[in-house]
Amino acid sequence: MIPLNWYMWLGGIVFCIGVFGFVTRRNIIIMLLSVEIMFNGVNISLVALSHYLEDLAGQVLVFFIIAVAAAEAAIGLALVILLFRNKETITVDDLNELKG
Amino acid sequence: MDIIHYILIPVLPLTAFVLNIVLGKFIFKKQAHLIAIAAVGISLALSIKAFMEASAGVVINQDLYTWIASGTFKVSVGFLVDQLTAVMLIVVTSVSFLVHVYSIGYMHGDAGYPRFFSFLSLFTFSMLMLVMSNNFLQLYFGWEAVGLCSYFLIGFWYEKKTAADAAKKAFIVNRFGDFGFGLGVILIFLNFGTLHYTDIFKDLGVIAAQTVMICGNEINLTTLIALLLFCGAVGKSAQLPLHVWLPDAMEGPTPVSALIHAATMVTAGVFLVARANPIFSMSPVAMDVVALTGGITAIFAATIALVQNDIKRVVAYSTVSQLGYMFVACGVGAFSAGIFHLYTHAFFKACLFLCAGSVMHAMGGELDVQKMGGLKKYMPITYWTMFIASLSIAGVPGLAGFFSKDEILWKALSSHSPVGKFVWIIGVITALLTAFYSFRVLFLAFHGTFRGTEEQKHHLHESPSAMTIPLMVLSVGAVVAGYVGVPHILGGHDWIGGFLGHVVGHAPVHAGAEASLEWPAMILSVIVAVVGIAAAAFFYLKRPELPQKIADSFKPIYRLLFNKYYVDEIYGFLIVKPCYWVSANVLDKITDKVFIEGIVNGVPMIVEWSGQKLRKIQTGVVLHYSLAMAIGVFLLAVLVIFGAGK
Amino acid sequence: MNATVCSVVVAGDSYVLTVAIFLPVLAALLMLLINKNRHSTIKWTALAASIANFIGVIPLFTDFDKTTAKMQFVAQYQWIRAWNINYYVGVDGISVLFVLLSALATILCVLVSWTAIKDKVKEFFIALMLIEGAMIGVFSSLDMFMFYIFWEAMLIPMYLLVGIWGGPGRLYAAIKFFLYTLTGSVLMLLGVITIYMMTGTFDMVKLMSTQLPVGMQMVLFWAFFAAFAVKVPMFPVHTWLPDAHTEAPTAGSVILAAILIKMGAYGFLRFSLPMFPDASQSVAPLMMVLSVVGIIYGGVICLSQTDLKRLIAYSSVSHMGFVTLGIFSLNIQGLEGGILQMINHGVITGALFLCVGMVYERSHTRLIADYGGLANVMPVFAGFFMVFTFASVGLPGTNGFVGEFLILIGGFTANKPVGILAATGVIIGAVYMLWLYQRVFYTDVNEKIAGLSDITFREVVTLLPLLILVFWIGFYPSAFTGFMDATVTQLLGRLRGGHMQALNMLIETVVK
Amino acid sequence: MQISELGPLLPELIIASLGLVLLIVEAFLIKRKEIVAALALLGTFAAFYSLTYTSFGPAFSDMFISDGYGVFFKIIFFVNLILSILMSVRYLKTEDSFHGEYYCLLVFATCGMMIMASAGNMVTLYLGLELMALSTYVLAGFNRHDSKSTEAAIKYFLTGGFSTALLLYGIALMYGVTGSMDLKAIAVYIAEHNVRENPMSTIALVLMASAFAFKIAAVPFHMWAPDVYEGAPTPVTAFMSIGPKAAGFAVLGRVFLYTFAQLAPDWTTMLIALSILTMCVGNVMALVQTNIKRMLAYSSIAHAGYALIGIIAATPEGMSASMNYLLIYMFMNIGAFSVILLLNTKDFKGLEISDYAGLAKAHPIVGAAMLIFMFSLTGIPPMAGFVGKFYVFMSAVRSGYMWLAVLAVIFSVISAFFYLRIVMYMYMKEPEREVELAHSNALGVSLGVAAAFVLLIGIAPQRFLEFAKATVRTLYF
Amino acid sequence: MINKIFFFYFSAVIVAMSLMAITRRNVMHGVLYMLLLFFHIAGLYLFLNAEFISAVQVIVYAGAIMVLFLFVIMLLNLREDILKKQFIGTWPMGLVASAGILMVLLLSMLTVKTGEKGFWGIAQIESVTQTVAIGTTLYTQYLFPFEVASLVLLVAIIGAIVLAKKRLK
């Protein structure tokens, strides 16, 4: 039996990799991917907890997270397209009209 | 006499003031003097009546209404008319009346004619309030009010910068004295719980032995109060070191100088000391201070008067000097002698001033005696009246000045304290100087040949009767006024001494009545008077070129005297300039603008600055935003794990 | 009152103060409806409203029961039940005169602005009316919350008054004024909250007889001090005043000088002394020292001012130093003198600002150097100015003397060195005021001001009430101190009650 | 499931259906698209009205809790929605980006907020939050041809996704600690076990607090706000600066004050830090702004800091103070944005503070209204802003956070600088150009309502206070 | 033991794939690594008795979301983006921050203390099969969130259309 905290660590590591990607990558699509990685880190933790707690709530939440992730991806990518149309770029530091 | 009559004495001039100041410009115009003279005339009549009552022994002490009341502090407006007040009433109203009359001629045609008379009336009112007061605060009211009138009248020709400056100076210098006076009044209240003369003098014994600590020194409370009160007197009566305003005050119209700066207002200090004589008498230290201040001022002013060329300034310094005499009298306990001199001085000094005014009138405003000469034949009335007044001030026997001055010198000489002897010596020397400079002016102005311009010469004329009549009346006063105080050794009864004795008591020296000293003193003063006059005659009639030679050979002393011992310059350097400098350069520029405003404006500037810096963090790059969030999460975790929560 | 705003009469239902507070507000609302180009209608409405309000508060003068220290003309309605806040107004001997003065000052402000204000006339008079309401509100509030509301609400129209109709530096002056006072006020707000936390009430009357823990009193004292000291203004926090006074339009300067800065001193009397008696006693020496510093500092700094209004503004610092000195001498003469001097300063400095406004309207310069010989050009005006100058100097017979003298007695009683130093203020006052007068009115006529016309009948009418007050208070101050006696006596009782020992020790140390 | 279970959901149902109806109606409308707005208003009013008929209690196996607390926030959401719709009508015409979907999204966003406010379970909370968030992402980017708007939407979206991940991780960890996602069950578990000893719970708190802090734009999770507020269409900015913030507070209140009541020492520490930083940065940064929307964005950040103080107090009174503050803030802010919108015409954006020079002279009523809002935001009586601040400070002092209150008042003094700057421009400067107003009755109504309430709450706050107090009591079941 | 070997394999690959996904210069490569990542996560879920979620992971994440990403990337034709630096200048700070968070997370999860066990033990799930268990839960207890999720998806549809459709301009 694998200890729960191994799964939790794994979830944490994946989450933090996502965080790292999110705070460093200039490409917006990669940033979106990083968020997905963070979600997956959370999902791993949730499924593991659900398993160990013998409770399905965690898995249900994972289900909803995946659903919402799809929705987010749709809107996110729509925004990326809109952005590309407006500015011909998907590099995040080109987005600096608003600042100060 | 009904109380209402007493009230009318000051109220009538007040009414005249109000009418003149409000309506004068529109209604009275050239006739502004009528109402003023009528008011002061009736006041004079009532004063004489009051004097009669007082000499019959009736003393009025009546509160009219409560002026200020706060807790235990209660001061009324009320009148105390006793013998001292009665004398003052006569002096004030009579001189005031004469000056009013004189002014008709002197101020004729001036644009501010109604204003002048309204201020004169206001002054009369104030002075009467001062002398008739039955408490210290009302005295203080009158005290300040006469100062105000003095301010107005000195600055009457305010277009002249010197006049405006002089007015301001007079008021401010007086304020220094009043500062002490005010504190004295407060101290009196704190210790007696009242400001009414009678109540205070009744309880004097209570505080006799009390002391207060000031800067580690134990000072007798009575002495302190007396000295604080004397501060006021020093200011008002232009004693050292606050004498500087009086000579400058000559910028005012001459009638004003006569009324305010010779006869009445400046003597208020003497009146104050006399009025508070029970307090002063209890403190030998204070008495000595008074005597010394008076003595030193007397000789100090007299020396300056020796070399001045401005006719009014000479008279002004002479006034300062004579006021010194009065304080000498008070200082040696001879309050009645002081008042006596005050009374006689009012006549001859007012006369001198009005004569000077008359001369100015004729000379077209010229004041320099060096530019006069030989006026005797053009204006004989002025000459003779001035001659009489000068004789009187010089102390020639038989004239008013002789009796009063002699009384003072004798009292000083017979005083037991060494201070008394010292001031007597000073007094005698001063008498010599007085005789000299009085006649110096007289001789320079009226004798010899005219040294002015042709145009002036053309205009020389005797003054109109409105001016000469008061001169004559005053010169008569300068002769006869002294006969109310003929000393015992001359077969008199010293009536005035006895009369005032009800109020000021009989000074301790009286008891011994060291008549043995009186003759020598009197003879000596007669001698110095004669010597002084003779010297003046020698220098200015016989050998007119000599004074210049002497002046040249004693140049430093001459310049020191001519520049009035540089007192004004010293004050300017020590007090006035530093004040302005501190105000402009320290308080305004540094404390306010740098320190306080620095903080006030600096804090917002720092906030703004940090805002501008913080703006840089908001780069517009979303990665930085998420980085901030990540760091935020981390720090929050650290805060909670290691922070206060656990 | 609107039923939704207030309900349930708690105690008292006198309408005098309520009308006095809300009549100007209603007038302001009415003026909102007037077309902005109908200047004269607006002006006459403002004048009518202010006069009506003055007439409305006359019962305060005539029907005031001088024998009691109780609140009078009380009206109390429930307002915010959740916090136990009432609409609670009333006056006692301390506040009654200020209500009257506020009502009077507004009339004069309307009059003096008659022709001086040419731009945004409607807004100006609306602001003025709102200020009046707030001023009277401050002085008649007996509920701390309500007091604070009026206290702060006053800032808004005042800020606009300075900022819109002021001089060239108005923007800076306005924001400075606002922030300065706001900074102080918010600390007071915390004090108010703390008191409420401790006692559960905002009722000032109740609080005046509540004993707070001594340590807490100290904290609260300083919290309230922040607000009051800025308003007064006391020495280190006075620098808003010269700017605000100088840049404000005449009416603004008058309101500032006559009423607004009185609120600080009033606050000391209304809050600090009765609510924190122990703290007040222990810091009184410090307060007195600050006051004296203010007196001398404000006076000396006047010597180097080149701007007419700025000089008078700094003189206010000096004069208000006297007021706080009187208040913190904690004896009857000091307190009554302090209160009276507040009225006096309102009258005198208000009048001086009115005068300056009148001449500024003609000459458009405030620099002293641009004047000279004005007495020749405007003799009547010179006369009025002279009277107010000497009242400011504290000449006996004018109101300035009575207040100053009582304060000096009080200060001297409490602390001799402080009293002596304060008395030097009398000298300095004479120096700068007379110098000012000389430079403006005397000597040769400056060509810049030659040909100015003397003041008109309207302006004489504006100044006359103040002139009368100068002499009325000067010669018969009992008519005014009489209002205070009972209240001040009670206040002193409160200060000493139960703490006699502490005070005795204080007195002993001070005497020694 | 029974039909009676829908009772507590009545307003949500109405709002959700309204969204669907709008979608359909929009599809069939070719002209006169204002009808959509009118319909949206009508539906919102209906939902508003239905609040009185809504039964209280949990529904759908505690997924949804209908209580007075929720009702209070729903009132805020509805008023916000109504006023936002009113503000939008004219703006969309001016900007030429009229889509019916706009109102639809506003309605759905509101629906999400309502679900957040009434969530009884972490899952519901999450989905409500996502519903709200996704709608607002789209709304922020609604001006498709405006690159700023797109930039705002992208930034909002990205940072929003990040914060969602944080929230989810927090939920996951808390699920691990307590074995439940039900708020009530968690509360019960925490009350019975010493959860504070478990480090995972602490981390969960941190993550959830961060996520909520993002929603209410608390520093340092605020950085999206100025950019998004500036870039988004102005009515959306108004909507966003209130709705999501209020929803965030609603959740914060329910989760922290109710569910995590036992963990108060931990989360108050965090919130105090956040609150101070928020007030400080918000006010200081607002000071240096020249764009009025951006300034209001920072001001909005700062106000979140004040509102947080009420929650920090961790008492029912504190929470009701915060709620009250939000209600008041809504009116002030909507009012201010209404004025901004009034200046927005085809050829003039009117977004720089200097554009307000002399406004009061040309348009005295608008100037006066803006004056009221600015003084209210500063917290000067007799405007409502003062009442809000007063209540918040009072609750802080009562809970022993005197020093926090001192800091807060000092920051509110700083805030006077920039609010008064606008007043200064309006009243004390001469206009540089003739400012045309975008006359619109709807906008006028929103402006008038906002001004009226700012004054009403300022002068007679009694009912509002009592209402907040009464509703917050239901939070503690 | 075999469990552990599989766990280590999966977790190693998951971590490696995540790292690869976020560090690739080319977006397309990143997305492909993501696909691998999702498959491995799905595999891990199988170990945790979450067959249904595992399936959803593959179908929705890998099958739908990632394909959507690929479409968009190809639609935008982002070749020139490769030339630019892929990390922002402040990446070390990002590394420190994320490492910090990781450290905190790992430390806090040294020992995981969970709450009380629930109803759905392995035996219970096996008795009804996992899909039925999830389905029952989802459609009874979690019915309301389920409905809300539908709204979320609706909003996503509206949003995507509104933002990306070619109208105006």
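What to note about this one:
Each chain carries a letter (A, B, C, D and E) given by its place in the written order, and its residues are counted from 1.
Following the convention adopted for this analysis, a residue touches a chain if its C-beta (ideal position, glycine included) is under 8 Å from a C-beta of that chain, and two chains touch if they have at least 3 such contacts.
What you are looking at is a predicted structure, and each value in this text was computed from that prediction instead of being measured.
Taken together, subunit B and subunit C share the touching chains D. Looking at subunit C and subunit E, the chains that touch each of them are B, D. Averaging Cα atoms per chain gives one point for each, and the point farthest from that of subunit D is the centre of B. Distance from the centre of subunit E peaks at B, each centre being the average of the chain's Cα atoms. Just to note, of C-D and B-E, the chains joined by more C-beta pairs in contact are C-D.
Geometrically, the chain at the heart of the complex, using CA-atom means, is C. Inter-chain spacing, taken between the CA centroids of subunit A and subunit B, is 96 Å.
Put simply, the C-alpha centre of subunit A and that of subunit E have 7 angstrom between them.
Subunit A and subunit D have Cα centroids lying 26 Å from one another. Note: centroid distance subunit D to subunit E, computed from Cα atoms, is 31 Å.
Annotation for subunit C: residues touching 2 or more other chains are 179.
Within subunit A, the positions touching two or more other chains are listed as 8, 15, 18-19, 22-26, 31-32, 49, 53, 55, 57, 60, 64, 68, 71-72, 75, 79-80, 82, 92-93, 95, 97-100.
Touching of two or more other chains is recorded for residues 604, 615, 618, 620-624, 626-627, 630-631, 633, 637, 641 of subunit B. Pairs of chains in mutual contact: A-B, A-D, A-E, B-C, B-D, B-E, C-D, D-E. Of all the residues in subunit C, the ones that touch subunit D in their complex are 2, 4-6, 36, 79-83, 120, 123, 145, 148-150, 152-153, 155-156, 159-160, 163-164, 170-171, 174-175, 178-179, 182-183, 186-187, 189-190, 193-194, 196-197.
Contacts from subunit A toward subunit E in the complex involve residues 1-10, 12-21, 23-27, 29-30, 32-34, 36-37, 40, 43-44, 47-57, 59-60, 62-64, 66-75, 77-82, 84, 90-93. Remark: subunit D residues 360-361, 364, 371, 375, 378, 380-382, 386, 390, 393-394, 397-398, 402, 405-406, 409-410, 412-413, 416-417, 420, 423-424, 427-428, 459-463, 465-466, 469 touch subunit C in the complex. Residues of subunit C that touch subunit B in their complex: 176, 179-180, 236-240, 297, 300-305, 331-333, 336-337, 373, 375-376, 379, 383, 390, 395-397, 401-402, 405-406, 408-409, 412-413, 416, 419-420, 423-424, 426-427, 430-431, 434-435, 438, 441-445, 475-478, 481, 485, 489, 512.
The touching residues of subunit E, when paired with subunit B in their complex, are 88, 90, 93-94, 97-98, 100-101, 104.
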